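Each chain gets a letter, A, B, C and D, in the order it is written, and its residues are counted from 1.
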Amino acid sequence: MPEKLQTPLIMVNFKTYLEATGRKAVELAEKAEKVNKETNVAVAVAPQFSDIAAVAKAVEIPVFAQHIDPITAGSHTGHVLADSVKEAGAVGTLVNHSERQLKLSEINKIIEIAREKGLVSVVCANNPQISTAVATLKPDIIAIEPPELIGTGIPVSKAKPEVVTDTIRLVRKVYPTVTVLCGAGISRGEDVAAALKLGTQGVLVASGVVKAKNPYNVLLEFAQEAIKAGELKT
Amino acid sequence: MPEKLQTPLIMVNFKTYLEATGRKAVELAEKAEKVNKETNVAVAVAPQFSDIAAVAKAVEIPVFAQHIDPITAGSHTGHVLADSVKEAGAVGTLVNHSERQLKLSEINKIIEIAREKGLVSVVCANNPQISTAVATLKPDIIAIEPPELIGTGIPVSKAKPEVVTDTIRLVRKVYPTVTVLCGAGISRGEDVAAALKLGTQGVLVASGVVKAKNPYNVLLEFAQEAIKAGELKT
Amino acid sequence: MPEKLQTPLIMVNFKTYLEATGRKAVELAEKAEKVNKETNVAVAVAPQFSDIAAVAKAVEIPVFAQHIDPITAGSHTGHVLADSVKEAGAVGTLVNHSERQLKLSEINKIIEIAREKGLVSVVCANNPQISTAVATLKPDIIAIEPPELIGTGIPVSKAKPEVVTDTIRLVRKVYPTVTVLCGAGISRGEDVAAALKLGTQGVLVASGVVKAKNPYNVLLEFAQEAIKAGELKT
Amino acid sequence: MPEKLQTPLIMVNFKTYLEATGRKAVELAEKAEKVNKETNVAVAVAPQFSDIAAVAKAVEIPVFAQHIDPITAGSHTGHVLADSVKEAGAVGTLVNHSERQLKLSEINKIIEIAREKGLVSVVCANNPQISTAVATLKPDIIAIEPPELIGTGIPVSKAKPEVVTDTIRLVRKVYPTVTVLCGAGISRGEDVAAALKLGTQGVLVASGVVKAKNPYNVLLEFAQEAIKAGELKT
């Protein structure tokens, strides 16, 4: 795990939800920071590109981009440069989210760029096989997200616990020190606890927090369950 | 032409040049604003997504995104939502730049989204045929950029004047009120004057300004030549 | 309309249905040919790439590719060269089907290549706006297919007749001699008749024929209704 | 190695070269077969989709597709179905060639489909890292092709021997029984010998054979050098 991040880690993907765009992105990040301060559980946020700067300025918790392109500085109109999100305040980036899937050579290149620029790479993978392939590329974090569960409210830790345990076993075999998160369908504190008990070091959540009536309460419950799960003593 | 923009217009595409990333994006935009204030010629800037907010806060000239995705709010990790760049301060967006080419159905959708959200659409096109196809979709602005000239320092207005005049004639036939810019290879004041004399209403420039030793001087020369070309009385 | 094709035209897209793959592609094409011989109504087929040669050898009706790539001969592993499908016996190609959508510049290039190689271009378009944009590129045929109706059995001619009539009016304005087909949801003879009455010159069908219990019967009914619709006297 | 293929293997990628399209694809495949019959060295060919059937009918050496899509039978207009190339006579397929790069999840899916359908998967990879990631997905064959050497006439076995040996070492660690080919820049018999001596089990060639004045002579030299390299006794 990169020094700048502790585990267990709750990472909130803001996607392109209006509830987490612009001013509301900052407000949501502030709620996440509040939970972090109150519980000491690590909470990170991944707002849209245009919101990274404002969010990073407003809060002290880690801010991630949702994607960067496999490019270096130059003639790449409309693309996302690692240097750009870094200077805006991001400490890392999601890579290959199931809603923004990439070519294998692009994933390889992005992980290299992230490493070189000092950005934490969180590579998403759909299944144990893909997770293992990703692990050989040595990203900082692998996030397992079966795409068929995203947004369903059915947590992978409950619906497919073997996907989680298989993945952890396989990826650790090729890259023992990688951090593993699990995502898709996480919406309650018990889902977080279950994910940690299966051996992950945190969760990647989106609608379960962003679309919640009270995101602060949800995140607080997540953090409290994470503490109970015993990975962290406050 | 949208009310918020006057012509002739000098639009500066920051691409993903390091010379126009982060703090330097703001500085370059301030130089563009200075030229606008001194000459009264319209100058717009298109920084990277992560820089839109800071640039828009720093200057009063129009700020554009370099791209938006054909999506509405929702589950679109790593994509660019119109609402997001708008709230960050963009008044419009480039679409289909030759370095970020799009499917026809995506261009159609993005123009619709831009119209609905009150963003100015600047659709790039490589040749007269594609420009005409784009014109039927009624974007606010069409920017003609033969990709083989981009970054060469050879202006389309000189190398291929007939591409410019053909395009203007053809696009005006299907959409008489569309604004036409021309780009690719613009690096000197005389290139801007030539572009305006051929009937365009401005230029789309990138490396000619961003990579110049003194971008302020180049933009000032552009603006002065634009004035001489008689389209604007200060 | 290209000389080699008469109207009304019934074009059958084999997609990648197993019912129309390999030996079964040839059998289905033979049924289409039988209907053509018995009714004199033009029937064309668009099998998969690997089946073009065998189908074109087996039948005398026009055979189309489902796609070609915007490339000329060279280093393009895994792509589809116009010369290749032509030598295999195709007389034309579908372009930009909603299941294989293309960049605007690619559509432009493919239409040019098809023209140069003597292949009939049948460009698919989702709505009147896109159809009009396509028409400016002067393909031989435009096929209107609202993607939301594909495979539903609800014909566009019934569900959205105004889409058809609007499209015909708009595309004829920019390219008066273009042939217009309509597709999506065509499964009964009356759908064909309705399409022709709205002013199209034929239909593009897929599952309605390929997945039918008796494709010959369905095609025969289509042809008979086309005749009744008065566009063709046997 | 799949039973149906022996090593060392010389695989000829026809790309979309006119010299290997249509009738000429068959003629070139016949030359390849002649070399196989005379030397007993395995030679395989990968023609374009439309030529697979004719080539597979004309020769007895293994025929490969250059690509298949990650789809099963259904509504996938313009895509390449595994069943289709198989029924046409292909025994396998290239996957992820540097000219047809794929998303990681697509590579995973295509390897699964190939396995299920009994097709040999030959997955191309640009560097040792990507090769290793691919190896975890257990394809039948991995072909290492540094894209910067493709078509140069500079063989990877000479320019970057460490890329070859590194790759073999790394991929065998995660998947000991995988067959490794090397490609890019192979144009002379000595390149083939060098590739085999570095530990590969064959080569993937394209322009070196297809664009040669006398492809038969080139292939014969390849085969003879392969024999000398001692991997095969005739």
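By our rule, contacts are C-beta pairs under 8 Å (C-beta built on N, C-alpha and C of every residue); 3 or more make two chains touch, one makes a residue touch a chain.
Being a predicted model, the structure only gives us computed values, none of them experimental.
Engineer: Chains shared as neighbours by subunit A and subunit D?
Structural biologist: Of all the chains present, none is in contact with both subunit A and subunit D.
Engineer: What's the farthest chain from subunit B if centres are computed as the mean of the Cα atoms?
Structural biologist: In terms of C-alpha centroids, the chain at the greatest distance from subunit B is D.
Engineer: Give, as an integer number of Å, the spacing between the C-alpha centres of subunit D and subunit C.
Structural biologist: About 35 Å, centre to centre.
Engineer: Counting only Cα atoms for the centres, state how far subunit B is from subunit D in Å.
Structural biologist: 45
Engineer: In angstrom, rounded to a whole number, how far apart do the mean CA points of subunit B and subunit C lie?
Structural biologist: 38
Engineer: What are the residue numbers in subunit C that touch two or more other chains?
Structural biologist: Residues of subunit C touching two or more partner chains: there are none.
Engineer: Taking all chains into account, which pairs touch?
Structural biologist: Inter-chain contacts occur between A-B, A-D, B-C, C-D.
Engineer: What does subunit A use to touch subunit D in their complex?
Structural biologist: 96, 101-105, 107-108, 126-127, 129-130, 132-137, 174
Engineer: Quick check on the complex: what are the subunit A residues that touch subunit B?
Structural biologist: 13, 15-18, 21-23, 48-54, 65-67, 71, 73-81, 83-85, 87-88, 94, 97-100, 150-151, 206-207
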